[in-house]
Each structure stands twice: as structure tokens, then as C-alpha cells.
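Look for chain A in each of the two complexes below; its partner is chain B in the first and chain C in the second.
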Partner chain A sequence: MASVHAIPSLEQEYEFTSESKRRLMIGIGAGVVLVAIGAFLLASGVGDHSHEVVQGQGHSAGHEGEHGFKWTTRLWANLWLNAVYFTGVSVIGMFFISYNYLAQAGWSSVFKRIPEAMPAFLPVTGIVMLVTFFVAGHDLFHWTHHDLYDPNSEHYDPIIAGKSGFLNTPFYVIRIVVYFVAWYGLWRILRNFSLQEDLNGGTEYYEKSIKFATAFLVVFAVTSSTSAWDFVMSIDTHWFSTMFGWYTLASWHVTGLAVITLTVITLKERGYLQAVNENHLHDLGKFMFAFSIFWTYVWFAQFMLIYYANLPEETIYYRERFSGYGGIYQAPFFINLFLNFVFPFLVLMTRDAKRTNIFMKIACWGIIVGHYFDFYTNIMPGTVGEHGGFGPIEFGMILIFACGFMWSVSTQLAKANLYPKNHPMIEEAIHHDI
Partner chain B sequence: MADIHGNGGKFLVGIFDDDDVVLKAVKEVKQAGVRIHEVYSPFPIHGLDVALGHPRTRLGIAAFLFGLTGTLTALSLTAYTEKFDWPMVVGGKDSYSFPVYIPVIFELTVLFCALGMVGTFLVSNGLGPSVKPLMFDLRTTDNKFAMAIDLSKNQLVEGRIEQILKDAGAAEVNVKQF
Partner chain C sequence: MHVTSSVRTPLVTGGKTYADVTEDVSRQVEGRPTREWTIAFAISVVVLIYGTACVFWTWWEGLGVWGLNKTIGWAWDITNFVWWVGIGHAGTLISAILLLFRQKWRTAVNRAAEAMTIFAVICAASFIVMHMGRPWLAYWALPLPNTFGSLWVNFKSPLVWDVFAISTYFTVSLVFWYMGLIPDLATIRDRARSKVSRYIYGALSMGWNGSAKTWARYEYMSLILAGLSTPLVLSVHTIVSFDFATSVIPGWHTTIFPPYFVAGAIFSGFAMVQNLMLIIRVVFRLEDYITVEHIESMNKVITLTGSIVGIAYLTEFFIAWYSGVEFETYAFINRATGPYWWAYWAMMTCNVISPQLFWSRTIRRSVIWTFVLSVVVNIGMWFERFVIIVTSLHRDYLPSSWAMFHPTLFDISDYIFSFGLFFTLFLLFSKFLPVVNMAEVKTIIKSSSEKLPKSVSGVAKGERVANPTFNKDVE
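What follows is the complex of A and B.
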């Protein structure tokens, strides 16, 4: 009941302590060390059992065969995987505040500064992606090879050549730049309005924010799909799925919601954001529950049609993941389904669980880890194939990106009051009661 | 004595004009030691269920059991027809290929759950064809809020309860005999 909640002060500064900074630095350092160890092991050929197999296959392995396998590909693939994953998490912060503005939702304004802090990480992932593409594009993206498009070449591939209007290097680079500039630019505008609103008050910034949030949603409606094709689907160049844009958006969205929820709960447990009560958590829990099921629905819709139609050029995608490459992707394939559907479905089912910190945190971690494996199963088979695995290089890279992301979010949180105190809906949000 | 829906009972019905007033009145009337039968409102009032002290709903259990019935029906239907009664090979797959039947299983689960919940709703609210619904006051479907008090379940005399209701903000207090 609304009257039971004590109303805390809306003046609260988040302090990014030197202790937190030190821990994050240690995290990044440990990540770098792990990546270095992993890279050393790969370079010296330890633990790569499939080395001889590939040598034996030679040219019969197709287009990849001519290059042989470079251990650095796994490093770049990991970089790409984490960049895609954290790009998604960051941009979902913007997506969340945008649809809340458009719906004129009140309840979320009390913790709005958390999703608002997330997109600040976009330039980092954008630069990582561009660098990765320029340095290792040929290793990760089969379609970047020129001889595929040359009818006189023995490697001429009519299917890929037919896609050259979209999948060509200049247009691809332009698209990546456009995505990041558009997402980050629109976020800067909304963020600026939000900070100005704190100083000056009034509903003027709110009205303007709705306009720009709507603009972002229009942009994101297109770019979320096309970026999913570019970042993930183009790796398996022959294969395509019309569900893929939605599928990746669903995956990004539920991960972003889990990150928002986890951050809110963590801040609450540290004594911040006391105005966020179990009703807000309940709504966030419903959000995660609903979008976990939505993700499953899209995943299954994509899988079912391909399974049922049984066309070789389509089923190869699931064959590779289910039993291909010596079955190394079977575990991630099932971990993905378990952590992203079964686990949140059961944990978040009851009302009480959604109102209890510990259950929410467990569900959040499940979703965050689960969707890493979602992108892992989508990216790794097409880039590293049988050389994939889960070792120090994977752990290290996750650690680097996660600590970097937390650093970026903490920096942004410390820049402004933790509540948008002049937001027109803040009063409603404090009294949120369901 | 009235049955669970109030049939055969004698009631005092306090009519309120405002949802905030009726929510506050619930606490005051209960404080005065009166047992409230039910409060009727044109729209849901936040916190009313808590104030009335209603027990946690068991609708979730009913929904789960209806859904489970649907799941089992779909499983046995697909298994019986496709595996035992008339095995067919479609698209080179085993005659019972589980992923193919997930949509069937899902749909029947939802269908059984939905129909079961409609039935539960009708039964638990005493609605349905040829059943005469109990209306404490027709205006609760428009703009008034009614608090019904079962006189047979209260020790206090009628006049005292009427006074308590009026003190709590009731615009009028009527007697309703079913």
C-alpha cells in the first residue's frame, strides 16, 4: 500500500569511490592477464586438439581451408562477440528510456538514471568493432573476400555475389558508423535534456524528450534489425533468417533489462535509491519474465520452421551448432535454452519472487550469463568453428568488457543526481503501487 | 443464513461516493468491530484487497491445474495419433518428433487454461445462464461504491452498524433482503 512507504529525499549523489575504481581496475587487469595466458596457450598450440584435422582437410574444407586457421581469429572473435553483446546492453538503456517516454510511463522515472547511464559505453564498443573489422574482417567475415564476387575466380560464389549490394565493405563500414553515431547522438540529446531538467525544472524538457525518444524508436526499429544482420547474421553468409532482427533485439532487450534490474538492486542494497520499492522491482521482474518468454518464442519460431521445412541450406545452421565441429557447441546450445527460458520462467513465476531481491538477482545473473551464450552460439561456430572453446581467453575478455562497462556506468551515475528530481512523473513513480 | 454468495441473507448496504472514502471507511468500520461481507466498486481500488483482509487468491493453482490438463491432453493426443494409432513419416522425421508438437501443446495448454478460468470466474462469482446475480446496488456499476454488511454475521445491532457506516462517510445506508 502506498501510504506505508516512507518517502525518502530525492537529493542523492552516487559516489564512484576510489575503492570501486581500484576493484574495476583489478578486474580489467585480471582480464588482460587471462587473455594473455589464453593467447599464449593458443599460439603455442596447447589444447587445440583439432589442429591436425584441419591440416588434413586442406582445400576440401572449402573457402576457409585456403587460409588455414590463425589462433588470433579466436581472439578477434571474442572481441567481436563481447563488443556485440555490450553494444546491445548499452543501446537497450536508450531503448528503455525511449519507450518509457513515448508511453509516458511514470513508474520507471525513479530509476531512470540507470538505463540513462548505460549508452555511454557505445563509443567504446563501436571503436572496438570498427578496429576489429578493419584488422580481422577477413578472418571473421567470409563475405569480405573479393574473389567470391569474381565470376572468373574458382572461389566465385553466386549466392554471396547476389548479396554484394548490401554486403560490401564500404557500405558495411558506413552502416556501422551510422548505427553508433545515431544511437549515441540521440542518447546525448536525451541525456542533455535530462540533466537540464534537473537544473531548470518544468515540463518543457519532458515534451522535447518524448519527441526525440520517438525519433530514436523509429531509427532503432530499422537499425536494430539491420545491425543484427550486420553484426551477427552476416558471419554465416549463406544462411539467413527473417526472424533474426527480432531475435537479436529480444536477446539484447532482455539482457539490458536484467542489467538495469541488477544495477538497481545493487544500488538499493548499498543504500542508494531507497525510493525504489518492491513494486518497481515487481514490474522489472515482469518485464524480464515476459521478454524471456518473448525471446524463447522468437527463438523457437526461427528454429521450428527450419526444423520442419528441413531444407539443407537452412538446417546446416542448427546442424553446426547441435552436432557439428565435434559437438563442441551442443553444451552452449542447451545452456542457452535452459538459462534463458527454463530458468527465468521458473524463478520469476511467482509474485513473491519478483518482489524479493535475492530471487531477482539470481534471475538477472541467469539471463545475463544465458544471453552471453546466446551470442556465443550465434557467433563462434561461423568464425572459429572447431577451434572454439571456453578458456582463459573467453573469461578474460568478458571480464575486461564487463569491468569497462561498469566503469562507464558508474562514471555516468556519478555525474548527476541519482533521481531525476524534476521529472514530471517522479511523484507518481515514488507512489508506485501494484 | 446466507450462502457464500449472500443468498437468503439480510444486509446493510452503505453507499459511498468516493473510492478514497470507501478505502478509509473499510479500516474504520473494521476498527469498530464490524465484519464486512464485501465491497463493490465500478473499478479496482488499489489496496482494497489488503484493507479487507482477503486471503491470498488461489486462482494461480487453478490456472496451473487447468494448464497442466491441457498439456497432458495435447501430449497424449499427439502421441496417440502420431506414434501409435497411425504413424506417419513427414519430412523424413521420426513419426513422433517432439519439437513439431510444441505449438499444439502450447495452444491446448492455453486453451484449457483460458476456458477453465472462464468457468472458474462464472462459478466463483455466482454468474451464468439462469442464475440471478445478486446486486446490492445497481449504481455500483456506474459511479457508487457499496459496502455490504451481513447482519447475521455481526453481533452489533442494526442501528449501531448504520451509525458506524454513516460516521465512516457513507452517503446513505440501505437494507437489502435477498
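What follows is the complex of A and C.
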């Protein structure tokens, strides 16, 4: 165990090399090209197999009061999907450091700079969401149509009209702005304390950080649920589930943990963060294992209660995903369960797996990809319906967002020492041994 | 090398040596019962006898002695059941989840909390057996072949899942608690002066010899049982919540129930642990082990879980409106403003508003405040179950079936029975078994003491020092 106790220096700068920048630019460029190809194919009607399906089902689409499907909807739906997904990953960085402060956790301080770097991407996803909502709100969100609220209109929907106190454009936009401003603002404060602590030392910043971390947790306790209703649940406007907020939080959380872990391992393999040893990885692995099971728990509880009570207005949600739209969402539905429960459960089961880089990376990728499918199955049926699928647009958009996110994280990592060297818990963390 | 950060607060005060821990904790196991203990025990036994008589009368006469009616077929019985099961959650949370999270403060409170769990689950089970009406047929709840019972159980019913969930939980909690006791029982065996107690504690400690190998097995066993118990903690109250949520009764059918019930259970369980520990630490003079830091940590958990429960209340209320389902909306407005408004507001005040006082550092470090608020929390959690069960049932689908529930003497007395049972068992535990896990407290002496004596392995400062029977060399 001697290697565990050989303490490396706490002075380490991360260098965001031009080679890395070049690769990320190529990634973004490739993503843009893929999206463009996908858009061209969709615009010219190639690759959309839904026409036969629609004709096969008669005029079912017309009944729902849709304004006819535009190929751009799929583009916007993808933007929205990735924006929601990466908003979650980013804000979980803040969530992670906040609850670690509140719980006085010591072990995590050694890699604290990684979750700390993640929320910097929030303004990007926030702006993408606002722009998407303003440009394509009518295509993505059924509730934005005014005639639903007009009793004289043939599209009048008394149920949706009853929700207008919550689902109306001004209040919705205010909420989105409030979420991002609150999350990002509180992160800036904590980040600032953390950087000041590097320069000045002392426990003053630590004490203040605990206070602001607690404040964030209070804010996030409410906004994590309401944002899940806004970003995802309101797409299927009629449908409702009290679990949905915590379910989305569970999904975001475990994804964020996987991203943190993957980043830590990647940096370690490149020679950084040598003070992070297999004990820290073991704990991160336990976190991913436990919260994968937690996600499954809330997924199953929500599904089981709706299945069991068998109320039509609730079961329709799963019916659409399971057999609706020609069954195109059935595969993502099962991939979701497999990658997010079965896979991490088996891969992360043993102690040795959690202490081995390669197994951890496999589990991380499973979780990261799996939860993309989670959001995919929640967002796509209500936005693009039978026009959904996996084509160049989907892959390209993931590439753009993922490379953008990595760029943002790398920039933040390069701005500060890789270890929070004056953190009061850092000594505990580098001697972490379980 | 193990490092403890300087910002961490000490968890053991008074400069204790290992021998002091043994001495301080074993004192009341080995000594004669104190006067306080005897009085408390006598009261508990009297209450238990009265309660037992009432429970027998309930069985003899039939459940008609309760205030149930055709509309409200579940009231105090199930309320009490869920309340006790909920209280039974904190023990395993402390012993299992806090062990996995390596929380050192758990060492001083885990033993008593686990004992509380076991007794609370017994009390909860007593209400199930009570409301069966014919306790001699309780085995019908098990899937036995038809020759033993009337019918094969209905596996589609969450009530049957409850039978499995709670009995599994009880078994694992009991094993976990007992395994943790073994090293301490061996300590008491080794110190025993009379032949009888040496024999009894010797048999109970199962040949524990304290070798490195035995300790290694103990550690493995703790982790494995913690890993098993963690999903069990969640599953028990999840399935209790399924008893309601799988139905289509407005106010019961809501998907957030499982995690919200679990949070509520931990909330009430920690409040009960606070009540018990605050008394124990004074009566048994254990203030150096159960410090203000422990109380504060538990109050933080209470604030956290209380706030989670609060968020769940608001979520339910919001979604009831958002859903546009008029029955659901009515059920919630009726809760807050209908004939049972007082129960609803008692629940809201006790569960959501009062724990917020713990945001004040002074209040959450005050023994008096903690004790009072913990009682308030448990009153609130009883009302929560009452609100969920009775308020959702009392407005039936037809207005001609609308009814109110009026508890009878036997509703109340059967509830009192469970207090008699609980405190009798808990007092017996606190007299005959060490209430603090000595072995585990010793593991944090070096890292978490306020000040260390010159030699932590020195002899005890207590009265036995003159005649240290634990020291084999003297004999």
C-alpha cells in the first residue's frame, strides 16, 4: 500500500492544450456537418418512414389538433433534449459540491475542482433553451397554442385551460430565467470562494461555502422538481405524475456522477490528479452503483403505481412509449432500463471493479449513454411522435453539445490549481484509505 | 495513516481511555437497577398490563369495539401501524446507511437506535395482528398450502408484500443488532463477577475471542449486512406506501408516495431516537459519548427529511391541481379546509414548519428544544398517517356514505398498549445490554476525542480501578 501513501505535490496546473482544442473543434465541426446532412435529408423527405405509419393509422394526427409536422421540429426537439440533458449534468456539479459541503465530506475534496468546473456550461444551455422556446415553442409544447384556452375554439381543451395559471408563456419564461440565474449565480459565489481559498487559505471560505451550499440545496430542492415539470413533463401536457421531479433529479444526478468519475479517470490517465487513488474511485463507484439503483427505484415506483392503478389518463404515457407511434420507442424504452439498471448493477457489483479504471470507464459510459435514452424516451414521443428516430441529426447534436461541454469544463479546469490546496479537508482526502 | 481535519468537531469528550469507555457503558449493566429505571419500568409494565387487557377485550368482543364504520374501514389501527413502522426506520438507517457513509457519530447512537427499531417493528406488527380480529389465524397471511388455511394468499396485494417486506426487515435488523452486540457481550462476560451472569453473557457472546481474525469477520459481516439492509430500509416503507398508492382512492393514488414515505419514516424515526437518547445520556451519565454534536447531527437529518416531506406535500397539492382531476383536487382541498382541517394543519405545523426552527444553531444545539421538537415531530407524523388514511376515506363516492371517525376507548387503549410494550422492552434492553456500542466507540477515540489522555490504553478512572477484574494479570 506504499503507493497510496506517497503523497504527490498539491501544486498542479491543468493545461488545455491546443491539440485538445483542435480535437474539440473538429468534433463540433463534425457535429454541425452531421446535423446539416440530417436536416437536408429530413427536408427532402428521406429517412422519415412515418408517412406510411400516419396513413396506416388514418387521420389520428389530425384529431390532436396538430398544425402539421414540420421537419424542423425534430431539429428543435434534439436541441431541447441535449440542452435539458447537459443542463442536468452541469447543475449536478453544483449539487455534488453543495451536499459534500453540507455533509462535511472529506474524501471528495481532492477532486472537487472537477464538479466545480461543470456548472460553467449552464449559460450555454440556458440560452439554447430560451432561444429554442421562443423559436419553436409551438412545435415542441402543445400547451403554447392559444386556441386551447379559448372556449369558442374547436381546439378548446378544458384540462389544459385549467393549467394556464402555471403553463403560460410569461410565467414559463420567468421560471426558466430564474432557474438558470439562481443556479449559475450561486455557483459563481461558491467558485469564487473556492478560488479565494487557494490564494488566502484559512477556514473562513470553507465556513462561508457551507452556508451558500446549503442555500443552493434549498433552492435546488424546489427548482429541481419544478424545472423537471417545465422542461420535460409539460411536453405531454395532459399527463402528470407527482414522482416526476424526483425521477428527473435521480436521472440527472447519476449522470452527473458518471461524468465526474469519467473526467477524474481521464485526467488521472493523462498524468494529472495523482493524489486521487483507487479508494476515491471506489467511493465514486459506490455512488454510481447506489444512485443507479435509486434511479431504478423511482422509475419502477412510478411505473408500477401507474400500471397497477390503470387509470387511462396516466397509463397513456407508457402506452405511447411502449407501443405507440408504430412501436419506434420500444427499443429506447428497454435500452434505458438495461443501460441504467442492469448494466451498472452488474459491472459495478464487485469491489475490484470499482477500483479498476477500465471497468469504471465502461460503467460511466453505460450510464452516460443510458440516461441520454432516458431523456430521449421522455421528450421525443411528445414532441416529434412518429417522426422520431436515430439519424445524423441525433448523433451530430450529441457531438456538438458533448464537445462544447468538454470545452467549457477544460477551460474552467485550466483556470485554477487542480487541487483545492487550502481546503480544510484536503489532508483527509489525500490520505483516504478504505 | 489516518488524518482527521481540524475543522471536524470532537465526538468524545472528557479525555476518555479505552478502559473508561468500557467502565462508563458497562456500569449500568453490572450495577443494580437505579431508582429512575425501576420507577419507569413499573409504570411501563402497568401500562402494558392495562393495554394487554384492552387488546384481549378487542379480540374477545370483536373489532366492533373500535370506532370503524362502513366508510372508514381503516383508521387508528393502520395509522398506528404505519407510525410505528416509520419510527422503526431510523435504526437501520443509522446502522446501515451511516455505516456505508462512514459517519463516525453513528457509533454512539446506533445500538439504542437499532433496539428501538426492533421494538417499534414489534409494536407495528401488533396492530396488524390486532386488526386481523382473529390472531390465532395470523398464519393465513403466509403462503401456506390450502390444508393449513382457507385460501392461497393474493400475491397481487401489497398487503402480502408487506408481510414479506416487514418480516425480512425485522429479521435482518435483529441479526444486525445482535451481531453488533457480540463483542460487547463478550466484554461484559469477561468482567462478570457472578457465575450466573458469566454463564448468560457467555452463552450470548457465542464464544467471541477478540482475535484479529474474528474482528476481520466482524467487519466483513457489518458491511455485508449494511449493504443488505440499505435496500431493505427503502423497500419496507415503499411497500407500506404501496398499500395505499396502488389503489385508485383520491389522496392515496400518487406516484411520489414511495420515496416520500421513506423520508417521512426516517424523519419520525430520528425524532424518536432523539427522545430516547436525550433521556439515556442524562440518566446513564453518557454525556461524554452522546454529545451536543451528535444531537446537532441528528437534528440536521430531521430538518433535511422534514423538508423533503414538506416538498412532497406541496408537490402532491400542486399536481392535484395541475392534473385537472376534480376528485383529486377535491380530496386535497377537503384535507386542508374540510371537517378534518385540524388534523391537516396539525400535520403541516408539526412536520413542515416546526423542524425549520432547527435552522437556528442555538435551537438545534439545545437539549430542551430538541426534546420538545422531537415530540412535536412524532405527533405530526402520527397526524400525517391519520390525514392520509381517514381524510381520504371519509368522503366516499356517494354523499350518502360520507362519515366521520370517532375513536372509542379501545382505539385509544390499544394504542396505549403499544407504548407499554415499547417502553417495557426498551427499558429491559437498556438495563441488561450495553446501550452504547463500546467496541465501535473505541474505534473513534483516537481520531475524534476532544482531548486524549496521555495513554489511551490506560486504566479506567472509575470505581473498579481499585479492583480491576477485567485485568487478567491481577487475578
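Criterion: the second predicted complex is superposed on the first by the 416 of 434 C-alpha atoms of A that agree within 3 Å, B and C clash if a C-alpha of one lies under 4 Å from a C-alpha of the other, contacts with A are read in each partner's own complex, and residues count from 1 in each chain.
Just so we're on the same page, a contact is a pair of C-beta atoms (placed from the backbone, for glycine too) under 8 Å apart; a residue touches a chain by one contact, two chains touch by 3 or more.
Only a predicted model underlies this, so the values are computations on that prediction, with no experimental measurement involved.
> Quick check on the superposition: with chain A as the shared anchor, is it clash or fit for chain B versus chain C?
Here chain B and chain C cannot both sit on chain A without a clash.
> Just to be sure I read the superposition right, which of the two partners does A:242 touch: chain B = first, chain C = second, or both, or neither?
second
> Return first, second, both or neither, reflecting whether A:232 touches chain B, chain C, both chains, or no partner chain.
Neither partner.
> Once chain A of both complexes is superposed, is A:206 in touch with chain B (first), chain C (second), both, or neither?
second
> Under the stated touch criterion, name the partner, chain B or chain C, that contacts more residues in chain A.
C
> Would you check which partner chain A:260 touches, where first means chain B only, second means chain C only, and both and neither mean what they say?
After superposition on chain A, A:260 lies in contact with neither partner.
> Where does A:106 make contact in the superposed view: on chain B (first), on chain C (second), on both, or on neither?
second
> Answer with first, second, both or neither: which of chain B and chain C does A:222 touch in the superposed model?
second
> Using the touch definition from the top, say if A:166 reaches chain B (first), chain C (second), both or neither.
In the superposition, A:166 contacts chain C only.
> Report which listed segment of chain B has C-alpha atoms clashing with chain C; options: 20-28, 128-136 or 164-172.
Between chain B and chain C, the clashing stretch is 128-136.
> Under the contact definition given at the top, report the residues of chain A touching chain B in one complex and chain C in the other.
In chain A, positions 304, 308-309, 433-434 sit in both the chain B and chain C interfaces.
> If you look only at chain C, which of its residues touch chain A in the complex?
Those residues of chain C that touch chain A are 1-8, 100-102, 230-231, 234, 238, 242, 245-248, 253-259, 307-308, 311-312, 315-316, 319, 322-325.
> In their shared complex, at which residues does chain A touch chain C?
Residue positions touching the partner: 5, 103-104, 106, 158-159, 162-163, 166, 203, 206, 218, 221-222, 225, 229, 238, 240-246, 286, 290, 293, 297-298, 301-302, 304-306, 308-309, 311, 313, 424-425, 427-428, 431, 433-434.
> Spell out the residues on chain B that touch chain A in their complex, using ranges where they run on.
By the definition above, chain B touches chain A via 46-47, 50-51, 60, 91-93, 99-100, 102-103.
> Residues of chain A touching chain B in their complex?
1-2, 300, 303-304, 307-310, 350, 433-434
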